[in-house]
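Consider the two complexes below, in which subunit A is the common component and subunit B and subunit C are the respective partners.
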Partner chain A sequence: MLKTIARKETLETILSYRFPLFTLICLLLIPLGLFVNQADYGKRLRDYQEQTRLADEAAKSLSIQDVMAGTVALKGFRRPSPLSVFTQGFESTFPAYYEFTQDGFTAGESSGGSDSILAAQGKVDFVFLVQMVVSLIALLFASDMISGEKEAGTLRAMLSNPLPRDALLAGKAGGGFLALWIPFLLSFLVGLAVLLFAGFPLFGGDAAARIAMVFLVSSVFVLTYYVIGLAVSAATAKARTSLVAILILWTAFQLIIPKMSDMAARLVHPVRTETEVSLQKSLLVNALAMEQARELGREYDRIFANAPESANEENSPERKRWDPIRDGIQQRYRERKSRELGAIDETFAQEKRRQTNLALNLSLISPSAAFARLVSDVCGTGELERSRYAGAVRSHQNALDAELFSKVKRTVMLHEGGGTSVGFTAMPVDASKLPKFSIASATLAEAFKANGRSLVSLILWLIVPFAFAYAKFLKYDVR
Partner chain B sequence: MNEPKLLLKADDLSKRYEDGVLALDHLNLGVREGEVYCLLGANGAGKTTTINLFLNFIPPTTGTCFINGIDVTKNPLEAKKYVSFVSENVMLYGNFTARQNLDFFAKLGGKSNLTRDDYYRVMRRVSLQEKAFEQRVKTFSKGMRQKLGISIAIIKNAPAILLDEPTSGLDPKAAAEFQDILAELKDEGKAILMSTHDIFRAKDIGSRVGIMKEGRLVMERTREELQTEDLVKIYIDYMKSEPLSA
Partner chain C sequence: MLGILVRKEIADNLLSYKFFIVILLSAVLIFTSLFVMGRDYKNRVADYQLIRPKPDQAVAVLPPNPLSVFAKGLEDSLTRSYEPSVIGIEARTGRSSANTVFDFFPAPDFVYIVKVVLSLVALLFGFDRISREREAGTLKLTLANPVSRGVLLFGKWLGNLLSLAVPFFLITGIGLAVLHLDPSFRMTLSGYGRLALILLLSLVYMALFLSLGLFVSAVTRRSATSLVVLLLIWALIVFVLPNTGTLIARQIVDVPSTRGMQEKRNQIWTREIILAITNKESRAEHFKVIEDELNRLEEDYRNKSERRIRLAKALNRISPAAGFVYTATEIAGTGIGEEARLKREVVRYNGRVLESRRREEKQPPAFEYAYRSIGAVLAEGGLFDIAWLVVFNVIFFAAGAVAVLRYDVR
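Then we have the complex of A and B:
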């Protein structure tokens, strides 16, 4: 019985005018979106390769004097994610690179420097199309499943037979969704063929597994909207009422809830700007440098007060007293600077985390936000990649501190008489052995683990509307 | 000789809707095999409510419907195996052909092993034009849809048939053809309960005729009794009489 209903539903949808229209929209937009984004990715990849090549060349010819003078900043670039072809996620907001100096790291320009009109309106990528177009069509397809059949009178005709209502509902949901899913699958496969043709590394690493997951999660998402449409249809007596209700729901899920979540999070947990934090850090660095210079000057004057000429004699007793005192002061200030800068960074990161977490958790009320979050993490362009990137930057700074910056000491002293003196000491550095900047991207399993709440949200949006539709339909007035 | 089996039975059946309207008031009737029971009455008399109760589309306030001896409320799926339904406007899937509609509803009725020839045979029996068999139903006239509706009832081969104003809006030729098919089904032993406004057709085909007013069955006559009585006059007299609730 279930199979009969499902077959009827599939056939009825296929024979309707909506089906070729939907197929055409999918076949046109999905491959085109993937192709355009592949071209964009190719451009960003070439930029990345060129920039890393130049940075590598600069690193090879790096001299210790450059580091001493502070004229050279070492750069660490982030390689664009190949799967950004499917969703840009937050990738365009990530800095393309970070600069590392003795005074810490600073973010470079963002990687989304686009002068296209799309930059203002949001990129038309696969996830955008699924979220905005396919979801709406799924709702429209499902909106008259029950109420439409009631209005047409066919529901009475069906239920005059020994047909259990649960089988009717399940058959209609399964068959109707199949008719929607087939063109979606077809368009996705055509899109993959287009990507292969355009040189996308489909079989490199775990790309194929991730793409399969993107499609699987997208299918679940579309099914979620289909079931929501079915629930609305089972709760209304007229197809027109269903249509109005689903448009309101769609607007809430796609636009209102995600935006309101962000606004609410900004109100509840305001965060300082990057510029404010950067200024605070600069002020701290300058204050500490000044304090250190004064202390060094004071100690220097005390030790060399009676024998200023011995400062240049390496084996003089004054010099033997001075060297460990200077090193001790510098070490103490280095540690203090690292600690206090770290505290500023950590406080800022905490503020941002609190705001982001609140916004994300609130947005998970919408299946659309849950879907976008999960898929962007699977594609390496989401929140998980952002935190991995930040972690990699901190690790790289620490590695450079140990391997490079700690080997160059610049001693600035402010003397009590008002004079200033500067001295340098440097240990040899092999530029070719400096650590390379890299980001350990999250595995597929890690992406799913980090998105437990998104998965729960999607599953709930699948189960609850279906249960609601079932409860409503059991008592549905078919007359 | 054995008495024909009672296939449709309404036992003290009442229905009061949520808005307080009493649509059916203690109805008792029965339809035996080989019998056509015509329910006459004005709009709102309770004819369609009776059919809706037999199909378990709505629950009764009191009383019970039986189909082939099965309590419709307690065991609706089992009861519906023994009944076919044809409504006033036969509702079918417009994008399906006549055969596809027949195939779908036959399967719902439990007939899953039928061939194309079986469908064609039934459609020929109800005089549906041959060229219409594989045509989309959305191009069909009301008469053609009605014929296809009765084909669905025939192919299910249920012993009882419920007809809700099936000839309403049909042209005289189509209505006459429909009446012929009903006569055949009656001769095959089907128990047919038909609600209608058509007094003349009710008199022609009905084994028994009941008149409903304000939810009550106010009169019942057998075919034999109607040979000597004027059904039109009886009907009009009842319609003109004082409201029952007054």
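Then we have the complex of A and C:
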């Protein structure tokens, strides 16, 4: 019986005028969205390759004099994520590169800003289309499943058969969703064909598995909205009422909840701006440098007061006393600097983490937000990638400090009389052996592990509306 | 008669629960948007206070534009800081948003809400105007009076537009008042003029969707059919068409990538510097060559990319949503035209700074930039876009009038 109901529902949907319309929308939108983003990705990849090549050339001709002068800025580029074709996520807001210098790292420009015409219209990618358009259509399809049949009078006829109401509901949901899912699958496959045709590496690494996951999660997401529509339909007596209710729900999930959660998080946990923090850091660095220069100058004057010419003699007794003292002072300040900068970074990161977590948790009330976050992490353009990127930048700075920047010591001294002097010591550096910047991307399993809450949200939104629809339908007046 | 019809439509709306729910929803959205964007603006102002150039720094950076609360547009790109140097201009992000969660969903500015949600609301107002009255049988009764079908349609259009416009202006007004409770939010008189123009434009945009709704409602027999058809058209207008033009333009006009430019710039620079070092007497000439060639390169790039943007814009205008966004952001001073103009100004400023360095002046010239006046914006395409929206309105309304004439009211 369940099968009959499901088959009837599928056939009915396919025969309705809405079905070809929906198929047309999907076939038009999804491949187009994929194609546009693929072109965009290709451009970013070319930029990335060009830039890394230039940076590599620059690094090869690196000389110790540059390091001494403090003008060296090594760049580490982030390779654009291929699966950003499916969802942009944070992709266009990540800095395209970081610049590493003796004094720490600074973020370069984000990759998104260069194409103003695209920025003006907003992004249209696969996830956005599923989230905004397909979800709305799923709601629309489900909106008159119960109330429509009641109005037509067929609900009564069906229930005069030996058919329990739960089977009817499950059959209707399954059959209706199948009719929706087939055009969705079809357009996804067409989109993949378009990608393949455009030369996108579909089968490199675990890309195929990830794409399959993207589709699976999208299907579950569409089902979620379908079930929500079903619940609304079972709770209302007139088809028009359910339409309005559905539109309101849709707006709340897509536009209001995600933004409200940001806002609430900002109010509860306010955070200083990054400009403020970097200003605070540079103030600290300058203050420490000054203090260190003063202390070095004092020691220098004390040791070389009687024999100023011995400063240039390698083996003079004064030099033998001076060198360890200088190294000790520098070591102490270096440690102090990294400790205090680390503390600032750590508090800031904590503040930000608190705020982000709150915003994230609140936004998961909406299945759309849960879906968008999960898929963006699967595609390597989400929150996970952001933290990986930040971690890679920090560890690369440490590696460069050890391999390159610590090879050169610049000794700035401030003497009591007010004069300044600068001295250098340098060790040879092999420019070709410098560490390469790379980000360890999260694996698929890690992406799912980090998104447990999103999954729970999606599944809850699947079960709760269905249970609600069932409870409502049991009491439904079918006349 | 028209007056009676209009009054009837308004009363009809006021008595339906749909009206109240939809208006409540719009109010929540608009308030949320103004609040979120207002805070964002405040943060950016605080950032600007920190990075603002001192008199001895040659940096071009614009303060945040208060109208970006309503139309964000390319504000992030406009408020970048530009540092002139011999090998071209270095752009840096003017600020870094403290809350990056913000970037995950599109910025919910006023223009976005009008573009996506209020257009949908206008469709909701129009989608069942004719077909439902037929279903209820009141259409027959109305037409038994001495009223022409054209007047009937116009009465419906006007009545619904008024029931849309009045709450819309009220809500926006209240939101604006709340925004002004914060002393750091200040707008100039011309800012209010611009805002009024944006509101008017939004109304024209919504009226267009109302006409479209009435038209589709008059060609379909059942209101459920009309809603589905309208949603399809809505998705096309709002999401698909505004991007196809860009896609096509990209294929037609080829623009060198921004980073490829960097390479060319470096080549020229290295070549001329080596020449300058080898023959010392003509050093100044070589520097001049560098500057000229770089300017030419920049000019060529700019011309190409402007041509592409023009083409993309022209193609995107098939969708009224694209035209609406372009004009609204231009009026607010955050549009594509404003950005191109700023970039040209920055290039000119770069020349001035280099000149002053050559003359070894103590203080670099300060960067000054004035947004285009409303008149200039309207003259440079704004008026065309507004006219374009009106033309869409007239076409949809005329099509609706024809459909109503042929409508079987039984």
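In the analysis below, the second predicted complex is superposed on the first by the 472 of 479 C-alpha atoms of A that agree within 3 Å, B and C clash if a C-alpha of one lies under 4 Å from a C-alpha of the other, contacts with A are read in each partner's own complex, and residues count from 1 in each chain.
In this section, a contact is a pair of C-beta atoms (placed from the backbone, for glycine too) under 8 Å apart; a residue touches a chain by one contact, two chains touch by 3 or more.
Predicted model, so just to flag it, every value in this text is computed and none were measured.
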| said: Using the superposition on subunit A, tell me whether subunit B and subunit C clash or fit. | reply: fit
| task | State whether A:F35 touches subunit B only (first), subunit C only (second), both chains, or neither. | result | second
| said: Contacts for A:P258 in the overlay, against subunit B (first) and subunit C (second): which applies, first, second, both or neither? | reply: second
| For A:R332, is the partner it touches subunit B (first), subunit C (second), both, or none of the two (neither)? | neither
| After lining up the shared chain so the two structures overlap, which partner does A:L163 touch, if you call subunit B first and subunit C second: first, second, both or neither? | first
| request: Give the label of whichever partner, subunit B or subunit C, reaches more residues of subunit A. | output: C
| Angular separation of subunit B and subunit C about subunit A, which is computed from CA centres of the superposed model and rounded to the nearest 10 ° | 80
| Which partner does A:T4 contact after superposing on A: first (subunit B), second (subunit C), both, neither? | first
| message | Looking at A:L54, would you say it contacts subunit B, subunit C, both, or neither? Reply first, second, both or neither. | response | second
| request: Could you look at A:I25 and tell me whether it touches subunit B, subunit C, both or neither (first, second, both, neither)? | output: second
| request: If you've got the overlay open, could you tell me the nearest Cα approach between subunit B and subunit C in whole angstrom? | output: 14
| said: Does any part of subunit A touch subunit B in one structure and subunit C in the other, and if so which residues? | reply: none
| query | For the complex, which residues does subunit C have touching subunit A? | reply | 18, 21-22, 25, 28-29, 32-33, 35-36, 39, 43, 46-47, 50-51, 73-74, 76-77, 80, 91-93, 95-106, 108, 112-113, 116-117, 120, 124, 128, 223-225, 227-229, 231-232, 235, 239-240, 242-244, 246-247, 249-250, 257-260, 262-263, 266, 308-309, 312-313, 316, 322, 325-326, 329, 335-336, 339-340
| query | In the complex formed with subunit B, which residues of subunit A make contact? | reply | 1, 4, 8, 11-12, 15-16, 152-154, 156-164, 477-479
| Can you list the residues on subunit A that touch subunit C in the complex? | 17-18, 21, 24-25, 28-29, 32, 35-36, 39, 43, 46-47, 50-51, 54, 89-90, 93, 107, 109-110, 113-114, 116-124, 129, 132-133, 136-137, 140, 144, 239-240, 243-244, 247-248, 251-252, 255-256, 258-260, 262-263, 265-266, 271-276, 279, 352, 355-356, 359-360, 363, 369, 372-373, 376, 386
| field | subunit A-touching residues of subunit B, taken from the complex the two chains share | value | 52, 55, 57-58, 76-78, 80-81, 83-85, 87, 89-93, 95-96, 100, 104-105, 107-110, 112, 152, 156, 162
